[in-house]
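There are two complexes below, and they share chain A, which is joined by chain B in the first and by chain C in the second.
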Partner chain A sequence: MIHLSKNETKLMVAVHGWSGIGLGLLLYAVIFTGMVAVFASEIGVWSAGHLGTRSAFEQPIDRIVRDLGARTPKIYREGTDLFEVGDHGLGVFFHHHETAANGELISRGIFYSVERDGRIQARAGTNEEVFGPRNDDALSHFLVDTHVRLHIPNPWGLLVTGILGLAMLVAAISGLLIHRHLLKDIFTLRTKSSAVLAERDRHSVAGTWSLPFAFVLAFTGSFFSFYGTIGVPIVAMAAFGGDVQAFSEKVFGNPGAPDPRPAAIGNLDRIASDAVRRAGSPPTYVAIEHFGRADAEVTTYHNARTGGIEPMTLLYRGADASFERAKPQVGTRPSAGGSLAAMMSPLHFGNFAGVLSKSVWFSLGFAMCYVTLTGLRLWLVRRRGGARSLDWLDRSVSVVGFGLPFALVVSAAAFLVSMPLGRAIWWTPVAFTGAAATVLIGAVIAPSRIIIDRALLLGTGVLMMGLVPLRLATGGPGWAAAIEAGQPIIVALDFAFVCAGTACIWRIIGQAWAVRPVGTLQAAE
Partner chain B sequence: MLGLATIAVSALLLAILCRGDPKRRRSARLVDQNTSRTARWTLGLTACLPGVACLLLHETAAFLIWMGGTGIAGWLIVMASHGLDRHANARRLRKQ
Partner chain C sequence: MGARARTWGRVMLAGPGAIIVAVVTMAGMTRWIPGGTAGIDNVVLPLVLAPLIWAALFFYACLDPKLSRVAIVTGALLLVHGALVAVGFTGGTAKTETAR
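== the complex of A and B ==
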């Protein structure tokens, strides 16, 4: 495809190999958890046994928010965020903005959690505490947090995942440049070849088919990681004298003359129903600026309309609940940059067309995990028999490659057991850490890498198949109840876990029966 | 549904393309039945038509689903044909 000189090709092969081997294991962890996190909300429904299907914004919220506003100190009514919690309950966060000691812009206020049965829990805290895990979403929260920042404190976690996204971009571009026969080889997996060539074919074929999305996912992932950690502070420093709040108000806010006169908020139910009619779907998030003032503004955020991918944002006057305009995500007027910024989220999460687009994104994530693992194995196979033993790295690839799925399934099992006891926030990460530690110890004492792979695959398969009876035994809804309630996703995920578990076990049986010829090592090119 | 339909059409054409791909057939020790260069280009370009149609219809979501789904379908077709080739070779060896 692209012709490089011999020296340039050598350089690119080195860049490709070392960028992969240097960050490949962490990159695999981020891609794998990202692949699972595509279904984070569905996993949340499945694991907590949520049977509600009607959005909180399709139920009356006006009276609740009005009452909560009346009992909240005025200082916290600068901003009000409304979002769904638990089984279509309503989360209401009255807050004001302040700058933390480290210069970070935070929101502090009172968070009310309104369950579907009307129970209200209140607690004071910052945005980080409010948006933290709950007992019933600890598993999906854990998955997303692992993907977004590998549980490293902010901003370092985001910086690490951003750098990993860039490493993935480098690997994709260098892979494209070194592959001289990209289209010619796109259907070729050599049947009678050495171990090196077999690994190379597996790696390059999967890489070629998923190449466009490797670019898209790596770029959008890096965008999200660097957006708040580097992008916003730099722009704020350059154009707003370092005032992040001023930047935020100018770029995302609704500029207008302040009018601090007290005025009751307009009917929120009317706003919600009008927003559903205009956007074709209930809001995913609602933000109210200056609750209880004459200049209050209500912004509703929606997923894209059917057939499109750009999310919608609608703006309403708070005092009389009248529609003002459709609002671009960035700035006050529609722009190419605003549209691009708005598309980053659906392009990265694949959530623009329900389960179908999510399934495609999940499969692409799987293909990329495969590319990363086969790339690491290829690098190792090429060096097998060299002067330095790389057995520790070979084992590390097994520990991460097969150990991560195993530890995630263990954490899911721990969640199912501990959630009814109200201890899931603690047990979910602890079970993951315990499983990871067990895998590490096992990998050190196991006689060979093959045994580690097979033991982990077997463990993952058995546990996956065991998740379904465990879910039912711990009080999760049965299939009939789930279908009757309009939550077929619970049945679908049960089925998926059984199939995935069977596939893991089947693979071990297949490997045990297969007679593999011993390949002779030779140069790949 | 449009997304699924476009993936199905493109996957079918890719399967035909894969079946007659000369390099794959050579490596699998399969003789004859290679698709000509013109036919390969025609099939390849035709496989892209569903995606172009989505763009012309302004169905951005269907286009992205088609693009991702076709990539995955292509990969699965290669893996499946590799498995079938190995079986065919093993059967041929047993006969010999």
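== the complex of A and C ==
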């Protein structure tokens, strides 16, 4: 337990409050979309009705990549990235590295999207230009993009979310410091006391349980946001004279004597099957350096083994497809810095133990959303009756707190309708923007904040329950087909939407019947 | 120093001060942290630890009762790491290139 003097505690309470109030609504948006994005790949499967379960790397890829390599200009064979797209299709990006005018290291080349039925689409450009959303992943792409950079162009979007991560770090640490009785606070729920005390207890309990998680998420999130925007350019400037490519090669490359003699790439199917056997799971990503040269190296990246947290990486000689060694994801040999950096991703995304860890991350994310919203409400309650009216802020909390889930559900509904028509890339964000604008107008004309809350909760609940019939009506696979294909996640998410929708409606009914509505909190302090 | 000036001094040290010192410390750390077995710890650890360095500087600036001590400690960090970066630019870069 950390003991602070009365003045220090007072200061920390102010820091805790203002770190939440200053950026609380944006922070809530990032946390909420992050919570949903934990299941981005599952939502992608559910929304697009993908029934394939075999990874692209468990299907023949050698002939495809070899043929694509033959038709690609030699300049773009410096690096080749392979990863899954859509319903276990294969994405192949042949590229070379170059430094943009602003000093940023970019990849330029040709991106081939190979569907399971053999259709190939090619797009030329930089990594920023070719990896946009697809019609069948527009919803999950939209979710992730909202979380990562709030749809603000790079690098500003990443800087904003990085600053929000630091604000969350401050809120988490100051939250820990102001707890005088941490263990007691974890279990204290005075439900029969005044509304404010009960609300404060719930805020405190949810906040205390999710404190370590909030710290980890804020730390890893701000690391990811600042990594490429500020961190790498500055470290490269200090240690490599500003050469970002030299930094990248040092940290992620596989150093060896260059051998530019032409040599056909070894059998990639052999590499893929050997990697699956060694790692116990198919690769999530494969990188080939110097495709078509004698010094080609193939690196396969895998999720952590069961019970582990650090992802696995295997290295193969490209020319003869022979296994070279298991290597760390960062650096050529195991090291403290490499291990720490490699753990940032599983710790942030919660994907190290499959659906189980993702569910824990989702639940704790939900607790943090609750903490952020109740924190904002408590701050407002304490200032109610002050000289300045904070009704606008009270309404803003409702607009963001309940309006964001509503707008996301509207965008999901729009995706389900527009995807079969091939228009999901356009309609998904447009529906979100339209819903958000409607919420804003409604919030301005609504007579009270309580009505805004209830209308949005009701709308979200009804829409969530409607997503399941909508999905089925627009050609999505039924439960029997999904289970038969080995995709129970489609059924699970249908069930989750119905439950969440019911919970929203149930809450409104509960509030209507309650003797003491939530909105009539009286300041107790 | 008056109470108002002290408050503003603390705000400057915890706000822009902490950001500037954290960035310069991150850059300077590449010069004194050992490379480790993989030879990358000196560039990776500062990157990973940067948010924590900032948080430590922020809370230190908020909680230390002696503002002058905060100014001296953060100023020393800034000077030492700034000097390390400057030394790197003048002679260290060449050494790094040779080592590579």
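Keep in mind that, in the parts below, the second predicted complex is superposed on the first by the 513 of 525 C-alpha atoms of A that agree within 3 Å, B and C clash if a C-alpha of one lies under 4 Å from a C-alpha of the other, contacts with A are read in each partner's own complex, and residues count from 1 in each chain.
Please note the rule applied: a residue touches a chain if its C-beta (ideal position, glycine included) is under 8 Å from a C-beta of that chain, and two chains touch if they have at least 3 such contacts.
All values reported here derive from a predicted model rather than from experimental measurement.
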Quick check on the superposed pair: does A:212 touch chain B, chain C, both, or neither? Answer first, second, both or neither. first
Quick one: classify A:285 as touching chain B (first), chain C (second), both or neither. neither
Examine A:15 and indicate which partner it touches, taking first as chain B and second as chain C; both and neither are also allowed. second
Answer with first, second, both or neither: which of chain B and chain C does A:185 touch in the superposed model? first
Counting only touches as set out at the top, which of chain B and chain C does A:131 meet: first, second, both, neither? neither
Going by the touch definition up top, name the partner, chain B or chain C, that contacts more of chain A. C
Touching A:361 in the superposition: chain B (first), chain C (second), both, neither? first
In the overlaid three-chain picture, which partner chain does A:353 touch, first (chain B) or second (chain C), both, or neither? first
List the residues on chain A that touch chain B in their complex, please. 184-193, 205-206, 209-210, 212-213, 304, 306-309, 347, 350, 352-353, 356-357, 360-361, 363-364, 367
Show me the residue ranges of chain A that touch chain C in the complex, using the header's touch definition. 4, 8, 11-12, 15, 165-166, 169-170, 173-174, 177, 218-219, 222-223, 226-227, 230-232, 234-235, 237-241, 246-247, 250-251, 328, 330-338, 340-341, 344
Note which residues of chain B are touching chain A in the complex, please. 3-4, 17-18, 21, 23-24, 27-29, 58-62, 64-65, 67-69, 71-72, 74-75, 77-79, 81-82, 85-86, 89
The residues of chain C that touch chain A in their complex are 23, 26-28, 30-31, 36-48, 50-52, 54-55, 58-59, 62-63, 85, 88-89, 93, 96-97, 100
